[in-house]
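Just so it is clear, A, B, C and D label the chains in written order, and each chain counts residues from 1 on its own.
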Amino acid sequence: MDAALLPLAPLVVVAGTTVVLILLDLLPPRTSKVHLGVVALVGIVATLVSALFLWGRAGRAFSGVVVLDNFALFFDVVICYAVALVLLLSLDYLRRNGMERGEYYILVLFATLGMLLMAHAADLIVIFLALELMSLSLYVLAGFFQARLTAAESAMKYFLLGAFATGFFVYGIALIYGAAGTTALDRVGAALGSATRDPLLLIGLGLLLVGFGFKISSVPFHMWAPDVYEGAPTSVAALIATGSKAAGFAGLLRVLLSTFRGAQPDWTALLWVLAVLTMTVGNVVAIAQSNLKRMLAYSSIAHVGYMLVGVVAGGPLGAGGVLFYLLVYSFATAGAFGVILLLERGRQEAVNQDDYGGLAARHPVLALTLALFLLSLIGMPPTAGFAGKFYLFGAAVRSGYIWLAVIAVLNSAVAAYYYLRVIVYMYMRDQEGVPTEPAPSFAGRLALGIALWGVFQLGLMPAPVLDLAQAAVAPLLR
Amino acid sequence: MSKTVWLIPFFPLLGTLLNALFGRWIGRHAHWIAVPALGCSFLLSCAVFLKVWRGETFTGDLFPWIQAGAFTTAVTALVDPLSAVMLVAVTGVGFLIHLYSVGYMHGDSGYARYFAYLNLFVFSMVMLVLAGNFLVLYVFWEAVGLCSYLLIGFWYTRRSAADAGKKAFIVNRVGDTGFALGVMYLWVALGTLDYGAVFSRVGALSPATATVIALLLFLGACGKSAQLPLHVWLPDAMEGPTPVSALIHAATMVTAGVYMVARSHALFERSGVALDVVAWVGGITALFAATIGLAQTDIKRVLAYSTISQLGYMFVGVGVGAYAAGIFHLITHAFFKALLFLGAGSVIHALGGEQDLRKMGGLAPRMIPTTVTFLVGAAGLAGLPPFAGFFSKDEILASAYHRDQFWLWGLLLVGAFLTAVYIFRVVFLAFFGGPRMSKQIAQHVHESPLVMTFPLGALALLTAVAGVVGIPSAQGTAFARFLSPVLPLAEETGGHGALSAYALLILSVIVAVAGVLLAWLLYSSRPLSAEAIGRPRTWLHALVFNKYYVDELYGVLFVRPLLRIAGFCASAFDLGFVDGIVNGVGRLVVGWAGSMRRLQTGYVMNYALATLLGAVAIVGFFLSR
Amino acid sequence: MVPETYYTMLSAILFSIGVVGVLVRRNPLVIFMSIELMLNAANLALVAFGARFGAADAQVLVFFVMTVAAAEVAVGLAIIVAIFRLRRRLSVDDLSLMRW
Amino acid sequence: MELVTFFGVAILAVASALGLVLRRNPIHGALFLVVNLGCVAVLYLLLGAEFLALAQIIIYAGAIMVLFVFAIMVLIPGKEETGPDPLRPQRLLAVPLGAVLLLEAVLVLRSHVVGGGSSRFPGHQPGSPLAAVPPAVRPGGIESVGRLLLGDYLFAFEVTSVLLLAALVGVLTLAKRKAE
């Protein structure tokens, strides 16, 4: 490999795999495309390995628009884990829904490339391109089950609102360029640092926040999320909830912590409000949901609120806590979506909580798995969710945001209600009507096993990973 | 010692895993895993206890758990006299109740699930007791709550059981949130959560800070230990299987609050005010719950209110600084209340699930072991010498008296009288007099199998003899001396009261005996007529007014007003007011959720509007800065 | 020489009109065109700022935005066509199967 | 003269934008958008960006708008948006909000001019000429754009190609009916 490309190894591997997939898709067999999924999986694992190998190295390439640092690598790992879980879950899911097509895997890899690029981008225009690469692929994936009206609706809503948010994002870039004369992140930061505070830069940041807020689904830019999660294929919903959210945070954190560090008091005050709104709206509305996919959508919104608490807290503790939490959250959320995806009730996906009545009696292992993922989302020890929340809220307390931490704790208390309701359905209700049965998918179970391992590994031994997360944010905070 | 200590929680955990994962295949044989697991834990606990007796203590990390900057917390175990005593009590009572469950739950469809939950509970409780820092304490504080929730709703097909589980969950959530905030604040204030470090540095806290932290922690204790105003969940928790009520909702979990306050006494002492709050909340709860206990007709609910009341006694004990007395009452209460619950369970079992006192009576000749052991338990609860409850309760009363807390002492004394009345009311209504159950049920009344009566006997024995270690002497009780490395001996600071220790002792006895006599006069001196029982709700009044001339005096002077107060408390305050708040808050949030979700109209335009609103707000915000 | 402030002001006006267009119209095609208007306004601002700096960077950025817009249009129209296949009416207000 | 041109084109641009938003018929809307894009192309010329002006015409008017018009022709028989509008009050809420956004934008752009002179572009690369100085190599020229595109921005350029490929696959996915 060319020395200049070495820092970009994760990107190169994914891009290469994508090309291979496009070619493979043209070859027979036409009916089964599982092998494409397997190749994609191999590519993702190779990416993961390359990211792990590069850990600790730093560099820049292509006039400094792409960067290699621990921060980007940590996100590479999070994203690769999420995508790998999604791919494992998809292998059998597509066939069951009669939509086994190669384009699916190709688009997933394109989206992945966009996400990784987001983590590595050091220039606003590259962030923009990465965002679009990821979004365009996800728009199509959201509507992948074309025959379903809900899928089409979900794609349309996602697309229109995403494009709308993109409009703000681009205008933000324009304003920042207007103030700083450049789009390179470090030089924008220098402009911010040396000039008397320029309103144009701040407003530009505000418009960027609209775009990022949309991607991470923070209130008030969250409204697409429940509808899209509900209508999209469950595997894609999992991808949107984990990978794309992680990518959004990658861009957001790099821009805020590194480039706009000089304006920290300004955006901190704003994010304080956004964090409170996001977690409260997410948790409260989740209570009223009976569809599990929608419930998880609101739950994911609430978790964004918790992560914003970490961003507000700042410093290695807060920002590192966000990275750690993203990993924790991705495992638990992908796992929860995975269980939903495996369960069927009379040829329909089991998405209503009624479908989960008495599941524990008939499928104790699967029910226990889902229960553990939900407990992790609650933040119940010894699952990873507890450690994650502990770091985030602890960081907020350490930085003096006591009230924010109190609100977050209260929110977690409310949140337990709707997660436990599902557990109650599984353990304390009886099945009525057609029984809910899991699909016999080995890959799916493997994915759940990996996610479960993550939930416990990070819950019982969080310290090493937290150290890595803190090392990852160190280059941004320098 | 370290390996032994870690094995104690390990066995129940193993039992949980086996029964949870392979329950379908293990099925009816689940107890062959669960009971031996507990047995091992109990034997190990005893071994640890003996080592502690010889003066060893142990602190050890299982593994470093959470690190955040300079702050690290490990999963730490701390074995000192206090935790050793608790360990033996938890595993011992737990073992007996596991054994009892083999008979009681026989044939239940969720047999393996039941033992999995029960083992999980014991694991969590053992870890709670072993915890060497506040974080681990909090973790297992939550975990025991979760188990309690699962076990209350165990018979989920009953709607009331599911509701009770939900209620327990919501109320405990309030307390636990307070507890979490307290732990967080503690961390902010001191930068550490290790018991040793916290208690040695507690002087660095300002009294105001210490008060806030202590009160937040105490809020958690109120939730878990069912003290006013968070007590409402416990009576409903009786929807769970009776052995569960005995283990979790009487003997162990609900006492976690008392344990926590005793454990963190340095913090509460630093505040001062917080200790008074603890004592007064305890005292008021003790009397309040005892009055309600008088008016209940469900045998398990009487015992539930009794538990609330007795927990109030323990809080008074720790609140006035007599920590050892509080813990001693905790232990003896674990014995006799578990005994009473198991006895009640035996009765319910014999009557085919009947819990209504009005439909019992005359069981004594048919169930001699149960009757005898229940009597021992009742005597223990009523505080009749020489049973354990006498010594422990008297110790608390004496401590309150000697610290010049005369009002508290008065509350508790009245409470003690009522305790004797209500528990012997149960005894007389259930075991003596004529049978009031239907013919078919009466024919089937039978003594429970040995696997159930053996635990009764063992607990009765403990209730009878455990008082020995609580005999007061010049240097305090033997129990208090054993705990003195952890809990300071009660100092006889006051001594302004006119009564000597022996006078107090005799007064306690008189009060208890008077209570028993009153109960006998009311409920057993003459046979109860059947028609009185045919009128539900008013039967007690009818009894008092029409049937017993002898009782009229008592009735007018004492019982009727008391019943009124009890009835008022039960209906207006207990059911109306506090429930209203709990349900109201719940409904508020749910209603809020309902209206908030309406914002999610499904229209792209509304979503875009929200986005625009957000953009305008953000830009405006930055512009204004 | 026209001051570049005029251009940026004009771009702000066009951007706002585009935003309002997204909100007041019901036809997804028109909404989409309004979004194009927004992007276009942003481009204008970029070029105006670029002229101030006398650097060609801005134009390169605009070029990228245009390309992305083209890709977005392709995907967007495909989605709109796909939904039209399923139901013959075309108003975003009909798209409220999923809500609450 | 330049000023007059600017205002003429600017007024036309705003008018056509309003036309897009206000006219009910999507075909008219599309045509208004074409006019608007053309106006912006003229403005690019005024700003000295010939390359962009051409690209604007070719990419937007030539490719994108043709797609739009095509889609409209295919999808919409006759007029649309004629039915009752239950959301009208909320929809009109957009107008004041849009006005506020505009106000904010105007405020910030004005304050920017007032607040800072031409010497305050510290982030700008040294060596690049500032606005006041007539540039030696005309920045709008195709040459400088080309150099940047394949020099400093080579990576972004490559990403764009990937993006187009992804869009292609995406469109194919949506357009291809399932072979049954």
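Rule of thumb we're sticking to: a residue touches a chain if its C-beta (ideal position, glycine included) is under 8 Å from a C-beta of that chain, and two chains touch if they have at least 3 such contacts.
Not measured: the values here are computed from a predicted model.
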- Query: What is the chain whose Cα centroid lies farthest from the Cα centroid of chain A?
  - Reply: B
- Item | Rounded Å distance, chain A centre to chain C centre (Cα mean) | 26
- Message: What's the distance between the Cα centroids of chain A and chain D, rounded to whole Å?
- Response: 30
- Task: Take the average of all CA coordinates in chain C, do the same for chain D, and state the distance between these two points in whole angstrom.
- Result: 7
- Message: Taking the mean of the C-alpha atoms as each chain's centre, how many Å separate chain B from chain D?
- Response: 70
- Task: For chain B, write out the residues touching at least two other chains, lowest number first.
- Result: 597, 600, 602-606, 608-609, 612-613, 615, 619, 623
- Multi-chain contacts in chain D: which residues touch at least two other chains? 87, 91, 94, 97-98, 101, 104-105, 108-109, 121, 124-125, 128, 152-153, 156, 160, 163, 166-167, 170-171, 174
- Task: Any chance you could list the residues of chain A touching two or more other chains?
- Result: 125, 129, 132, 136, 139-140, 143, 146-147, 156-157, 160, 164, 168, 175, 178, 181-182, 199, 203, 226-227, 288
- Task: Make each chain a node and each touching pair an edge, then name the shape: line, ring, star, complete, other.
- Result: complete
- The residues of chain B that touch chain D in their complex are 603, 605-606, 609, 612-613, 615-616, 619-620, 623
- Query: Which positions of chain A touch chain B when the two form their complex?
  - Reply: 156-157, 160-161, 164-165, 168, 199, 202-203, 205-207, 209-210, 213-214, 219-221, 223-224, 226-227, 266, 269-270, 281, 284-289, 316-317, 321, 364-365, 368, 380-382, 386-387, 390-391, 393-395, 397-398, 402, 405-406, 409-410, 413-414, 416-417, 420, 424, 427-430, 460-463, 466-467
- Query: Where on chain C is chain A touching in the complex?
  - Reply: 8, 11, 15, 18-19, 22, 28, 31-32, 35, 38-39, 41-43, 45-46, 48-50, 52-53, 55, 57-58, 61, 64-65, 68, 71-72, 75-76, 78-80, 82-83, 85-87, 92, 95, 97-100
- Query: Which residues, counting only chain D, touch chain B once they are in their complex?
  - Reply: 87, 90-91, 93-94, 97-98, 100-101, 104-105, 107-108
- Message: For the complex, give me every residue of chain B touching chain C.
- Response: 597-598, 600-605, 608-609, 612
